[in-house]
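What follows are several structures.
Look for subunit A in each of the two complexes below; its partner is subunit B in the first and subunit C in the second.
== the complex of A and B ==
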């Protein structure tokens, strides 16, 4: 196990270098000059040249990449061309917001998918199972921004129960628990819907598989309580692929928040990357992509470790 | 630059149409709750567009949402009286032009920098303008280009020597280029820290700045007695216009900028809110790349035909839902030399005349690629305009690009034709004409020595009446040559809680001073 972890951890920087190189090349190949965007048409050549020099954009592409990578190794992700702030400062602002939103989305996904997946498996071909199937199909089919608008219409506008905006504001952070939680509810549901569908389907099929195993019949024959049979013997084993998938999906949710952030005015990483792309703010694109990729990689490693932890048959 | 693109960050991902369909105008009318109790409130929550606030220092280029905040932290040397169309004293009490190349500016005494950084003096003006010139900042090309030297003459007088006579000095250099920084604070904090949390001399000072939210607090040492009325302003950048408006209707905000014009008619019918829609200093326009002599539009008769084929009134109604004013020229209301449109081209177009001009030009029809940025309304406008010009045999191949890609093609003149919008910030016809029509300024490659002479002459002329006449000639020539075809001036719109009093809307998109606003 130790060697496996070490091997995976050694791979992380290599993968990140590949990701950063690809991001670097794609950003540089995309039409658009951040200096022109920042300074506009009516600036002088000298001003544009000074700015290019300031951000090393006057150097050759290999030089630019090596200089950037050298700084990254020492923890410096550069400075935003548009915002004039260090990328690490922006990350310190944005990452916690994105983590909170992803956590809220995942909490919603878990709260719904576990009972629904279990109930559908236990009552196959019943109305609960059909409900589960319908729900998961809807979860796969409805785009998160479409669902967000429906939720805003119902819960914010018509019922007036929940706010539309508010995540990351001073008012939210200085208020009580409910003030803190309520702006997250609609965005979390909209963000977590797809994951709910994925996890519900996975848990249902996993539970059905486990319920048909011989050891389940043995457990029932031993006279164990039905609840004990389901929770201790079936659910515990069925959760193995579920937990690993949840870990992967959590990493994935960090990277797919952009539409939700846009609609709900959430100051997270997705909207920062979007703005950076529009303004060709290379240091922000590169820095944020690197961190999002790192999250995804560590989520995958965590999933593998959890898999081994939960299933004693698996040895690395 | 003397213009700001009306899309800066994040707006490009637009589901406005979809959102508007989902949360339609009927809801806006039907669900706006009674505004929050106003009595005793001394805070204001403002929703502005954009994804985040960038730089707030006036010596580094800022975008519109940054400008909305910045101009409440800083006062200018002069301000515009939009009703009188005049430049009025603010931090500069008076100014004189004793000879063509000298401007002497007398500063107001007793103005203090926020947070204990001392008195505002001539040294701050000298420091600021020299910083611009030495750092070759964005304003050198637009507002500060005439300055040769600047020096303090005592504590409250500044003397500027210009390289050339510049008639628009009070409006352009002291107006658009007249936002000063504190020399002491800037030196102590450094340029980067100052741009994040600047020390100003305006009605409000920065309390906090985090991501998409900025909190301003009342400047206790503000020089205008009794102002500001509010103790605190919370600015929140909300990129989606429908979300922004809905947040206002749900009392999560008190004041929003840039609502979708499509939703304005419905919100006007909601008695709990007030809509300010002011004819703005912004254009929608078409521009031709005139460095391509083989293109049929290189013949000015073809460009005139296109201008005649445009039904500008239809653009105003269909794209801006009436929240714009059709125009055919570059000088909007409130500017020197303004004449009420339409000056040459009928607001509903003249298809017969357009076809005659095409025949006269000997052009039967052609295909041309027209680029625009990814702003939702411009894409729709371009589709509408394409349908209009198709009636005279011209096929527009539409290409939407994100702002970065668009700028890359536009600024490097790698386009045939563009349709875009622009917000003008320097309050003088020099700013609306020189950069767009002079051979040394334009992105269109338009090169007409007579136009250059007129533009340079109007820039140097100090007599206002003479300047006005010169700009009339420049406009007439523009209408004849059509290097740019103007469609309309879009309105500057805000929606406010009905209990708010004292707000003075202006045509300038970024200039929303909130020092006089209060709860009624």
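== the complex of A and C ==
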């Protein structure tokens, strides 16, 4: 087990180097000069040159990359060209916000997918199963920004139940849990809809598979209560693929919540990356992409570990 | 009064291609402490008969009807699902074919053994644990205490089947149904499991329904045999009598196709030609007729009624096999 974890952890920096190299090349290959965007057209050539020098943009591409990588290894992600703040400072502000939003989205996905997936598997071809199918198809089909706008229109503008923008902040906690949770509701649904669909479908099919296993008949032959049969004997097996998928999807969410953060004006990593792309703020793009990729990788490792933890037959 | 009395049990399954009559009109009695064999080839309705008695047939797609299934003073057909749950695992228990797949892979042996005790005997965690250790030792699992925390995949096939038997016997059931309990095991392990069941059955006076397609296993264990074909019991009788004087064309064929260790070298195996009938189509004559080697003229005219040859020995066959 320890050796397996070590082996997986060794792979992480290698993947991150590849990711960062690709990000670097893509940002440099797209047109747009960060200095020009920053300073505008009217600035003197000297000022522009000075700024290029400051951010090493006057050097060759390989040099730029190596210089950047060298600093990353020592924990320095560089400074934002536009905001002039260290990228790590920006990250410290925005990562917790994004994590909260992703957690809210995943909480919504779990709250809906577990009961819905189990109910659909237990009552196949009933109205609840059709509801489940319809819900998952809708979840796959509706883009999250589209859903966000619909939810805002219905629940914020028409009914005026929930706020239009923003998410909960720690300060709101003093006003009670509900004031904190309330602004999360629409963003969490919009963000978590796709994951809900993925997880519901997965749990339904793994639950159906488990219910047809011989050991389920043994459990019923023992005269156990239906709740024990379903929760202890069936769900514990069906949850193995579900939990690992949920961990992977959580890592994925951090990366895909850009549009949701933008729509709800949430000051998270996604909206920061989006602004950085618009302004060609290379250090921010590279630093944030690196962190998002690292999250995805660790979520995958976590998924594998959870798999071994839940299934006694799996040993690494 | 018999411990179990089954009258006209019929179990149907709705499928895409029509209604399958897996069991049609099965009746038999089982005395207390008696060991009854159910033999027949795959699809003859042995397992479905057992699952119907246990009330484990999923409805739908299944549908179980019977004039009566009386067990231990109860009419099982009239029990609600909640009442049936109180009986299952407590007064009647079942052991299944494949012990790997019949044990839950993610729960420990201890958990799976104690949960029956906690459910039916209302034992607390500690008492259930102690009792589970006793039971596992009783079925011959060495160092049982240390193995409570193990998972099924850490046990061999024979050990897993011993665990299944321990679980089934944990609440001292009056009836144990073993469905092909030794089929998935090595021959040497088979013999051990059969000896174990025989010993426990004698010590405790448990009635057993032993389902097998292996006549040899049945011969070594059972007092009486029901031979099943196409969802019906075609012959029933005491084990010795039935083996020496089979009264049904199918029983004759079944014995002719079973290897014998005691017989002369000249004994050749004769397979039964053809396939069992499709249970979706209505069966009007003897279901075995198309494959029967001893059919007589009457077989083509009407269905055979059970004929009694001796006390407790009958067969639904026109051919005069027993003289």
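Just so it is clear, the second predicted complex is superposed on the first by the 307 of 316 C-alpha atoms of A that agree within 3 Å, B and C clash if a C-alpha of one lies under 4 Å from a C-alpha of the other, contacts with A are read in each partner's own complex, and residues count from 1 in each chain.
Note that contacts are C-beta pairs under 8 Å (C-beta built on N, C-alpha and C of every residue); 3 or more make two chains touch, one makes a residue touch a chain.
Remember, predicted model here, so these are calculated numbers, not experimental data.
Undergrad: Which partner does A:107 contact after superposing on A: first (subunit B), second (subunit C), both, neither?
TA: So A:107 meets neither subunit B nor subunit C here.
Undergrad: Quick check on the superposed pair: does A:224 touch subunit B, subunit C, both, or neither? Answer first, second, both or neither.
TA: Once the two structures are laid over each other on A, A:224 reaches subunit C alone.
Undergrad: Taking the superposition as given, does A:213 touch the first partner, subunit B, the second, subunit C, both, or neither?
TA: A:213: touches subunit C, not subunit B.
Undergrad: Name the contact category of A:9: first (subunit B only), second (subunit C only), both, or neither.
TA: neither
Undergrad: Name the chain, either subunit B or subunit C, that contacts more residues of subunit A.
TA: Here the partner covering more residues of subunit A is B.
Undergrad: For A:93, using the defined touch cut-off, is the partner it touches subunit B, subunit C, both, or neither? Pick first, second, both or neither.
TA: first
Undergrad: What is the contact status of A:313 with respect to subunit B (first) and subunit C (second): first, second, both, or neither?
TA: Only subunit C; A:313 stays clear of subunit B.
Undergrad: Just to be sure I read the superposition right, which of the two partners does A:232 touch: subunit B = first, subunit C = second, or both, or neither?
TA: After superposition on chain A, A:232 lies in contact with subunit C alone.
Undergrad: Once the shared chain is lined up, is A:240 touching subunit B (first), subunit C (second), both, or neither of them?
TA: second
Undergrad: Which subunit A residues come up in both lists, the one for subunit B and the one for subunit C?
TA: none
Undergrad: For the complex, which residues does subunit C have touching subunit A?
TA: Spelled out, the residues of subunit C in touch with subunit A are 54, 56, 84-90, 93-94, 96-98, 101-107, 115-116, 119-120, 151, 153, 164, 167.
Undergrad: For the complex, give me every residue of subunit A touching subunit B.
TA: 30-34, 36-44, 46-47, 50, 79, 82-85, 93-94, 97, 145-146, 149-150, 152-153, 156-158, 160, 163-166, 168-171, 258-259, 262-265, 267, 271-272, 274-275, 277-280
Undergrad: Under the touch definition given earlier, write down the residues of subunit A that touch subunit C in their complex.
TA: Its residues touching subunit C are 213-215, 217-225, 228, 232-233, 236-237, 240, 310-313.
Undergrad: Can you list the residues on subunit B that touch subunit A in the complex?
TA: 1-3, 8-10, 12-13, 15, 18-19, 22-23, 27, 31, 33, 51-52, 54-55, 60-61, 135-138, 140-142, 192, 195-196, 208, 210-213, 215, 234, 236-240, 243-244, 246-247, 250, 252, 401-405, 407-412, 435, 441, 443
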